[in-house]
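Here it is, the structure in full.
As written, the chain order gives the labels A, B, C and D, with residue 1 at the start of each chain.
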Amino acid sequence: MSHASFIRSATQTLIDHADELTALDQAIGDGDHGLNMKRGALAIQGKLPQLESKPLNDALKTMGMTCVSTIGGSSGPVFGTLLVTLAKELPPAPGPADLARALGSGIAALTRLGKAEVGQKTLLDVLDPVRRLLENRSVQPSGDLLASVRQCALDAAQATAQMEAIKGRASFLGERARGHVDPGSRSMALIIGAVCDSLRVTP
Amino acid sequence: MKKLINHVDDVLAESLDGFAAAHADIVSMGEGRLFVQRRGLRKGKVALISGGGSGHEPLHAGFVGHGMLDAACPGHVFTSPTPDQMLAAAEAVETGAGVLFIVKNYSGDLMNFQMAADLLDREHATVIVNDDVAVENSTYTSGRRGVAGTLIVEKIVGAAAERGDNLAVLHTLGETVNKATASMGVALTSCTVPAAGGPTFQLGEDEMEMGVGIHGEPGRRRVKLTSADEIAVELTGAILKELAPKRGQEVILLVNGFGGTPSLELYLMVHAARKVLAAAGINVVRHLTGPYVTSLEMAGCSITVTAADSAMLALWDAPVHTAALRWGM
Amino acid sequence: MKKLINHVDDVLAESLDGFAAAHADIVSMGEGRLFVQRRGLRKGKVALISGGGSGHEPLHAGFVGHGMLDAACPGHVFTSPTPDQMLAAAEAVETGAGVLFIVKNYSGDLMNFQMAADLLDREHATVIVNDDVAVENSTYTSGRRGVAGTLIVEKIVGAAAERGDNLAVLHTLGETVNKATASMGVALTSCTVPAAGGPTFQLGEDEMEMGVGIHGEPGRRRVKLTSADEIAVELTGAILKELAPKRGQEVILLVNGFGGTPSLELYLMVHAARKVLAAAGINVVRHLTGPYVTSLEMAGCSITVTAADSAMLALWDAPVHTAALRWGM
Amino acid sequence: MSHASFIRSATQTLIDHADELTALDQAIGDGDHGLNMKRGALAIQGKLPQLESKPLNDALKTMGMTCVSTIGGSSGPVFGTLLVTLAKELPPAPGPADLARALGSGIAALTRLGKAEVGQKTLLDVLDPVRRLLENRSVQPSGDLLASVRQCALDAAQATAQMEAIKGRASFLGERARGHVDPGSRSMALIIGAVCDSLRVTP
């Protein structure tokens, strides 16, 4: 399969949901998240031809560097570091367990970078459940697995609403952050959902 | 949304161009608008570089110039700049004595400056400013934000850099000033991020947000609007609790407007804050009052107090020539 | 009404007290708060006295000090001061070389200053500033208001007074600068006079008032909100029509915020105005950008252009040390 | 009769109508007129004991000086100069014709001071019709005359709504001022009305 298709759909879904992401960030943050993700997504879309012709790992690395150098804010380093780590850790044709391992490295890298841990209302709270779901599957991605990963990510993002914010710009809100979905988690879930969808169509 | 703008996508570029043109005698614009740099770099002086999201003007570009910053990296509105910007700025203004980064404590700023520092192959150090005392619980480390006190750190460290202090000394000084500085703010209205198109939060006609930062975020508590005196008691009280100054301590008092509060009200707050400080036996020996560290057009203000020794005061008084702060030259 | 105040009746007194305390090194408060005066009067220098309603801060008290005003008389919000104030100020700061009053052209200001001048038994003259070109028809003489150009007159005449020019010379210079200066403003929101408790006018979400003064009055026309570039074309166009400068003329460009407009937008307007001026072949050689002549928390800005010869520019550049304008010292 | 009673009622009506006067000034001016008149009225009320014991002319003069030194704005000099002129021009026990003459002098003094003329939407447009009404009456003030003076002042103030503004802070509005009553005219009418009422009760 060509990674161009899931890059196209993941970036497009971020662009399409920019207003929703901004609204989430306005509730507990500074209202820039939608625009940040859109800026990164557009920059990646501008490199699609070049990404298409690269191996997956190189494409992930380029996308990560693009995030770092175009987005700024928390999202730039966070999504950028995640992608760069995946690029480093994934084998050429990864299976679910490979992905789980790479996500584990990604989470560790993000914790080193941003000092946040799982449970503190950041996108780590989407990455970790997805990692755990993939951990014990050694088969090739099936339609079923893709559907449950997708659902797991969306549910995990939704579940951040019940958390207090401890890291990130919303942390000063403490208790007041409860009831609001973490914007970065929603972005992460949208990306994972889009990737799953596009893998299901073109396995 | 009512703003003096053309297209939301061009706000930052056009504003930076206007700024660079208006202050062409003291600053120049870096390639690709990645940074604003001081004209007339001094060889062998430690390069001071700061930066952060836009929307806080004059912070930081307004503080580039003699006696303060060598470069400032403007991010998008309320979005930290990218590591490329800090690297490009460091390349442009480092002259052999190393780079000191001055960073406000927000996760985005920390991560982007950290990535830049990791990639920079020149001697460097970082001062993290976290003067906001709105967040009481000390475990909320990343919630202790860098706000208006950043100006005071930049001014004092900038003066020491100008006289030739080395990187290690400046680093220590920056941390000392940060520790001696505490701030807290209140918002009467929200601001509107141009690209968002509407206000970040909605406040009732009789409400205010107590303990806001400078990113248009909602504050720590939403409470009924009270009098200037009561607000001053809460803000200044929290600051004094943190700094725990001795009676007779000399301080710098910064009453900072968030962008939509007129001078008339800011000076009224100076009066109110001075009453609280006087009651605590604190001696205000320097004042700064105005919209220096803003959140776009937000109405409200923050109070910052720095417990200063005579060395800090001398550095505060040293000549400075930037777009927004100028004295002695 | 959301303001950082205690009681509406005390706004002015408390704000003035805060101002005087914050700037005690350069100003002192006159008896009964009738005026703010410069410290360290210079004997034999013509005394420059201005004043007007409050709510325009930093105008005028923020411009008291070396190289600018000797005293400023603050009236109630948007209300000219009384003749007693100007008389008391003149008594306090006149040192033998006479008094020059600088008065914005509003019927209230004119009458109160006139009454003071009639009662004053010291040599005196008056410069009336009427830089506002929003009112086109020249028969509306009293409608041609004094707005942000007042700052430019005060700065240039203040520098000439500081170097020792006599009253007649200063009077002529003031009129020359006034004639060389034109301004026009636009409001995106109204302001609220504290004692009135509500906004002076209501604007729709897509409306602006074109040709406003600085008293929160409605403007000349209410129109649909347009882009910064279009606004700059209208404001700067009206100014150029009035001044009719030759190509190559050197000018001072003041982009003035009304109190609720952030720096980000003001510098964007600098960029926009510079494009219009460049197209007309006008050479902007000095800039000033910020909230200098305000209408409380009104959002909006005015553009002021002064066609300056080299003598005026030298006086503009001369050292000044006031609360709101400071350079060269 | 004691002038204390009409001073008391004229100042009180201004205080009672402060909000209305401010609203009128907000429509075509800067919104300070109500507060200005209230400040002057309160200052005069504070001097009532001393005014009561003075002859009418001295009392008028003191009131005029009080207006000048406490009100500021346009109203201070305008109402102050009017009162000081009346103090100078009125004989000790004035009849209608005396008042008409004194008002004529007042109008002339105001025109010298403020360069406004009748017809330019200022309180001169209340003073002049009242002056003309009184001009041909040589008798002592009767109930009828007082009632018609009162009505004349109120109507004249109302009629300013139809005028363009040429003088005063509203003049930049030009045509846009039409439809709005001039605040100073309304104040003038309120004062005249209150004086008439109190003369009718205690002639």
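Here is the rule we go by: contacts are C-beta pairs under 8 Å (C-beta built on N, C-alpha and C of every residue); 3 or more make two chains touch, one makes a residue touch a chain.
Quick caveat: nothing in here was measured; it's all calculated off a predicted structure.
Between chain A and chain D, the least number of touch steps comes to 3.
Work out the mean CA point of chain A and of chain B, and you get 32 Å between them.
Note on chain placement: the centre of chain B and the centre of chain C lie 28 Å apart, centres being C-alpha means.
If each chain is reduced to the centroid of its CA atoms, chain A and chain C end up 54 Å from each other. Residues of chain C in contact with at least two other chains: 77. Not a single residue position of chain D touches two or more of the other chains. If touching chains are joined by edges, the resulting network of the protein chains shown is an open path.
Contact between chains, per the stated criterion, is found for A-B, B-C, C-D. For chain B in complex with chain A, the touching residues are 53, 75-84, 106-108, 110-112, 114-115, 132, 134-135, 137, 140-143, 145, 193, 195-196, 198, 200-201, 211, 213, 215-220. Considering their complex, residues 2-7, 11-12, 14-19, 21-23, 54-55, 57-58, 62, 77, 188-189, 205, 208, 225, 227-229, 231, 259-272, 274, 284, 287, 289, 291, 294, 296-297, 299-301, 326-329 of chain C touch chain B. Remark: chain A residues 22, 26, 28-32, 34-36, 39, 68-78, 113-116, 166-174, 176 touch chain B in the complex.
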